[in-house]
Each structure stands twice: as C-alpha cells, then as structure tokens.
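Both complexes shown next keep chain A, but they swap its partner, so chain B is in the first and chain C is in the second.
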Partner chain A sequence: MKLRTPASRRALTVLGVVITVAAAAVVWQNLPTPTDVLGPFEVRGDAGTPVTGRGVEATVTSVRIAPEVNSVKPAGIWVVVDAALKGTRSTELTHSKLVVGPNTYTPSDVFSLDTLFGEITPDMTLRGSWVFDVAPALVAPESSDPLTLLIWAGDGRLDSQLAIRIPTQDSLFSRVDEVTLEKPETIAS
Partner chain B sequence: MRAWLSKLWVRNVIGAVVALAAVAVIVIFTGLSESWATYRHTVVPGAVVPAGQSGEAAGYTWKVAGTKYLNRSPNSYGPPLPAGTVLRVVTVERTGPPPEKVVCNGVITDGERRWKSEGVGGFSAPTGDGVTSLCSMPGLLQFTFLLPQDAVPTAMDIVAFDGAITVRLLL
Partner chain C sequence: MEGQPPAPVERTSRWSQWFARLTAPQTRRVALLLVLVATAAFGGLDTVNKQVTPFKPGEDFNDGEYTVTVDRARLVDDLTGTYGRPEPGKKYLAVVTILRNDGTVPGRLRDQLDLRDVKGAEFFGAFRYRDGSAIQNLGPGLTEELVFSWQVSDSVAQSLDSVTIRVWKKTYTQLKVTYGGKEWIDTDNYGQIVVPVKEQA
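And then the complex of A and B:
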C-alpha cells in the first residue's frame, strides 16, 4: 500500500522549496556586516592590573573627574584616565575610546601634546593620560555604572582590543577640583 | 560504467577532485591568493643579506655601511633619551638611482621584537652630506632606533609603506 500519492509528494516538494527559500532569505537579511566580520576581539580586564592584547599591554593607574584640566573648562566634565602602555612585539600606534553608559567618547584633542598620543614600542613603557569630555550626568556621584576604556593598536581589524573596566567606587577613582597634566614619559621596562 | 562508479574509491577520487576545483576557484577568483601574497611579503623578506656582505633585492644592491650606538640624544634640542634606552644608528649603502615617490622605514629586530626607526621629531641622528633617511633620495640611507639597553638586534629590515619587507640586512 502506498502511503503518499503523487499529488502529496508534489505538495511536500513545494513546501520544502518554500521553507528552504524562506530560510535563505532570513539568513540573507541577517548576514554579518563587514564591521562585524572584521571587528576586534575583546580582551577584558580591570583597572589597576595589566591587560595584554596582541600589540599592546595597558594598565589604568587612576581616573580623575574634574571640572578643569590645565585651567580649561569642558562642555561637560573632564574624565582624566592615567595609564601605562607597553608595546609587546612591535612598534604600534595606539588608540582609545571611553565607554560611559550609552555613550562612547574619543579623547579630547585640546591637550594633544600633554596626553598619550603616538607609537609604543616593545619593552618600553609610556606613561601619560587621556582626557575625555563626558556628559556630567553619566559620571554623577550617585551613578554606579562602571566606565570602560577601550584600547587597540593599529586599525583594530581582526585584532585584539583591550576593554578595561573602571568601577566608579574603586580606590583608583577620584573627584578633584582641577587636574594639571604631566607630559607623557617613556622609560625602558 | 555504473558498476565502476559505484566503487567507493572512485567516488572518493571524484569528490576530492571536485573539492580541489572548488578551492582553486575560491583562491583564483576571490583575490584570496593576492591577499595571501601581500601578507607573506610583510613576513618573508625579498632577500636576506648576510652580515658584512652585499645582496640584491628589488633591483638594488644593499649593504650595511656602518652601525653605531649613542647613549644620549644626538640633537641639541628636545628631551633627553628615556631612562634605560640607547640609540642604534644604522647606515645602509644602496646602489643605483633611488626609486621615485617611495616611502620606506627601517625596522630593527632581535628575532622576537621589532622596533620602527625614529621619525621626524624623534631622536633621529642628523644626516650629513650624502646621507638621507628618505628612500626616495640619493645617498646612504640612515635609520635611528630607540632601544632598551638590553636589546641585542640581529637584523634590520627595509620596509615599504605597505609593510612589505624589501630586504633584511643581518647585523
């Protein structure tokens, strides 16, 4: 006895094709973008301890919130991140961003000569600061959301990216009236 | 024919041939081979010149003309050398007219770590007559490297703007 007639087999074939085409359309609509495909790999760590990626090792040594840096007032409030950077294997140009709540900030270029900028090299430590102009509400005293400093070398494609968590209740975190930046310093390490 | 095709080894061979053809199509038509070659040129030098000898690469003859260490900044301006560092200055002889509009850098290595030559505003040693730090200029090429005191470089690479290693000069 036949379980399926020719008509039911055809119906099953049509149904199979429709399901396959629909699944392909769903996948097509959800393909990863080039940003996703070539995006960096996060290396997570905490402020106060060295965090090492492929091209850079970084230690956040302190974070200061201040209404003035070098007597300059911001549009919002300054967040000064003090860090030590070390090259791992080759000379690299480093970049950073600060993630605060829903916002991501690039370093201010107001203090370019006094902030961390330029290349790092193997076994030499560059100490200095990045300064970010941040919306005051996001770093208000009652806010307990941690800040995250992102650091990467080169263009960041398919490379590691340090994501350093900075708790606002940490001893490394302070609120001060003013910050005077010290020029970046390099020492062999 | 059908009996022949039903043999397992025949089907395995056909499958392998089809798979190889698919890989060949991907490599040839997606630019994968070109990307791979570009990457390999950043890892494998065009030529390796033994210490004290000269060698051919990119249509030129290359030779290390001299090297020296400096324990303080060669410039009368700017900051002193960072603590625990020295400068290594490498001068390279290159025959023939220089290529036009070509940018290159020196990269010195100890086999594990790689340091790029100092740029404008860094600790570059001054260049005298007949000496330049630009690959597109005639004369001896001179590169200055800021290194940790304990670094023992074994070779210097001439590296093109795209990262390709034109030549490796053993020190």
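And then the complex of A and C:
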C-alpha cells in the first residue's frame, strides 16, 4: 500500500536535498581552523619573572626603545627585548614575535648574527636580544598599547607558547638614544 | 508461448521522457539556479574576468596588503652596497619601489612584484635602498624604499626599453588546508604598470 503520492515523494526528496546542502554549507562556514585544532596553548607571564612552557623557559630582563641599534636606523623605531632562555627537556629551536597593539612583528633580519637566533639546550642559559622594527606611534610615550612577547619552540603545533606581558610603565622598560648589541652568550645554569 | 515482457520498451520510453524533461530549457534554467545557490553557500564560484588596474610610475597602488609606488627601473652592473655581483654575461634589472605595509602582520616581499615577459629573468632579491641590506619581510605600519632585483642576460638587457610588472591584489584569508593562521593570499585581480628601463650611467 502506498502511503504517499508521487508528487509528495518528490517534494520530500527536494526538501531532503535542500536541508542536506544547507546543513553542509553551515558546517563548511563554521569549520574549525587549523590553529583551532592544532594551535599552541598560551602560557602567560610577566616580564622580569621566569615563564616556563613545555620546551622553553624564558625571562625578559629588559626592554629598550631606541632610534639606533649598532648605528643602524630602522624604518620605524627599534624595540630591543633582552631575554634569557633555557631548554627544559631537549634541544629546541626557538622563535619569537612581538605583539604591539593590533600589530604583530617578527625579529628584524638586520642583526641576525647578534641576536637570539639559535637553539637552546637543557641546563644551559642563552642570554641575548631580539630586535624588532616597530611602527613608532605604537610605542610612543603617550601610547597605551600593551606589548606582549610570544616565544615558542619548533613549529608550535599542540605545544605551549609563552605570552610575556611587557608593561611600558616599568623599571625594566626604558627609552635610550642608542643600543649596542652584545652577542648572545650561553652559560651553564 | 507468451509474448516478450514489455519492460525494456517502457524503460526506454521512460528514460527518454526523463531526458527530454531534463533538457527542457525551463528545467535547465532551474538546475543552473540551484547550482549557483548551492555554490554561493560554499563561497561562490571564482570570477572568470580578471580586473586589471593600470597605474603609472610615481602613483600609489593599493593591493590590500601594501601600498606600492614603483619609481624607476635601471639596468646596473652591480648593486652597490649589497652582496650582489652578477654572473658573467648578466646584468641586474633593479626596480626601485616604495612599499608601505597597511596590514597588521609582517608581509613577505619575495613575490610582491611579478615581472612579466622578460626572458630568463631570475629574481635575485629585495634590498633596502638606504643601506643595501637584504630584506625578507616588512612589518606592519612601516614604509621602506626597496630595490627589487632580477638577473638578466646582456642580450636580453640590450633590448629592454621597458618592463611590465604586475602587483596582485590580496585578501587576508584563513588557511584551511595547510597549518597556519590567516595569510595574505593573491586574488585573480591585479594592478599593472609599465616602467621605462634606463641603463645606469
């Protein structure tokens, strides 16, 4: 015995197709991004104190704003972040970014031999600096934009990422005329 | 013996009727409309017609990520202040360009200028004009005068009166397949400039 007429069966088929396509479109528009699925976990801390993640422990020791570093002028203004890094369990290649207000900066490639580009190992402390070329308005004295240094090891997938807050009204923060970089040094912890 | 079953004849007839209905102009239009609505829900179809925006030396062109001002193009034997020394039988084509990063993340420079139709041209690097240092990316909110350089053979250089450069428009798009956050991705639209080439004295 047929419960439905051919016309109603067709209507149900069309409705089913429309609902399926609409549901697929909704799922497509709301798919998790690769960083939602595999992104790093933030470990927050403040400049001046050690912040420890899975692969790296970092302490920001000072931050200097300068119009010249090693007699080189920037496109904007230099932000020199001095830090001490330590491996926690294995040799790791570390990376960093500086978030200033809405913008994100990678370390300048001008001073690559004099800055913290390299591997860290457990029980050894690597001291040195990262230098960022930043838009001057974001770090002007009257600016209230916060600075956050991000540090991670490897490609950061499913790993911890240090997010170190740098207050601009702090004894660790200074404005100077020029910075002369010291080469990174490794010392036993 | 009973006659052959009528089913094949009926099936052929049914299929031909179905095919006739399917190819009817009205059905085709409805099907096209349904396909367009369905694709729109998934982001829509790519445009076929590329939009080309011509611009001139000294004029600003905004590609979404950068504001680009191409100033001049020169053929030179060496790029003073850089590590550049051309291979024997080659010269550098240097395009001086002012770039301002209008985004919020560092922008790569490697493929920013798309040099067209210069036979055998090999991209050599991007350098800061003020000191000749190599530069890989430009931070947000920063403006820099840059030299984009390619190596070209002497024979090609001799006949180079002008070069055509495309600057592809970009959108800040979340990566969906490869790992990563949002990236500036080229669209199908571009700005195009023709720059006279002069030999550096």
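Observations, loosely collected:
The rule we apply is simple: the second predicted complex is superposed on the first by the 161 of 189 C-alpha atoms of A that agree within 3 Å, B and C clash if a C-alpha of one lies under 4 Å from a C-alpha of the other, contacts with A are read in each partner's own complex, and residues count from 1 in each chain.
Throughout what follows, a residue touches a chain if its C-beta (ideal position, glycine included) is under 8 Å from a C-beta of that chain, and two chains touch if they have at least 3 such contacts.
Here the structure is a predicted model, which is why all the values come from computation and not from measurement.
In the overlay built on the shared chain, the residue A:Ile187 is in contact with chain B alone; chain C does not reach it. Contact with neither chain B nor chain C is seen for A:Pro167 once the two complexes are overlaid on the shared chain.
Looking at the shared chain after the overlay, A:Ala135 reaches chain C, while chain B stays out of its contact range. In the superposed model, A:Ala25 makes contact with chain C only, not with chain B.
When both complexes are overlaid on chain A, the residue A:Pro67 reaches neither chain B nor chain C.
Applying the stated contact rule after C-alpha superposition, one finds that A:Gly154 touches neither chain B nor chain C.
Contact with neither chain B nor chain C is seen for A:Gly48 once the two complexes are overlaid on the shared chain.
By the touch criterion defined above, A:Pro102 reaches chain C but does not reach chain B. Applying the stated contact rule after C-alpha superposition, one finds that A:Met124 touches chain B and leaves chain C untouched. Of the two partners chain B and chain C, more chain A residues are in touch with C. On chain C, the positions that touch chain A within their shared complex are 38, 41-43, 104-106, 130-131, 133-144, 174-181.
Residues of chain A that touch chain B in their complex: 87, 89-91, 119, 121-124, 185-189. Listed in rising order, the residues of chain A touching chain C in the complex are 21-22, 24-25, 28-29, 31, 33-35, 38, 72-73, 75-76, 102-106, 109-110, 132-135, 137-138, 155, 157.
Looking at the complex, you find that chain B touches chain A at residues 82-85, 107, 112-116, 146, 148-149, 151.
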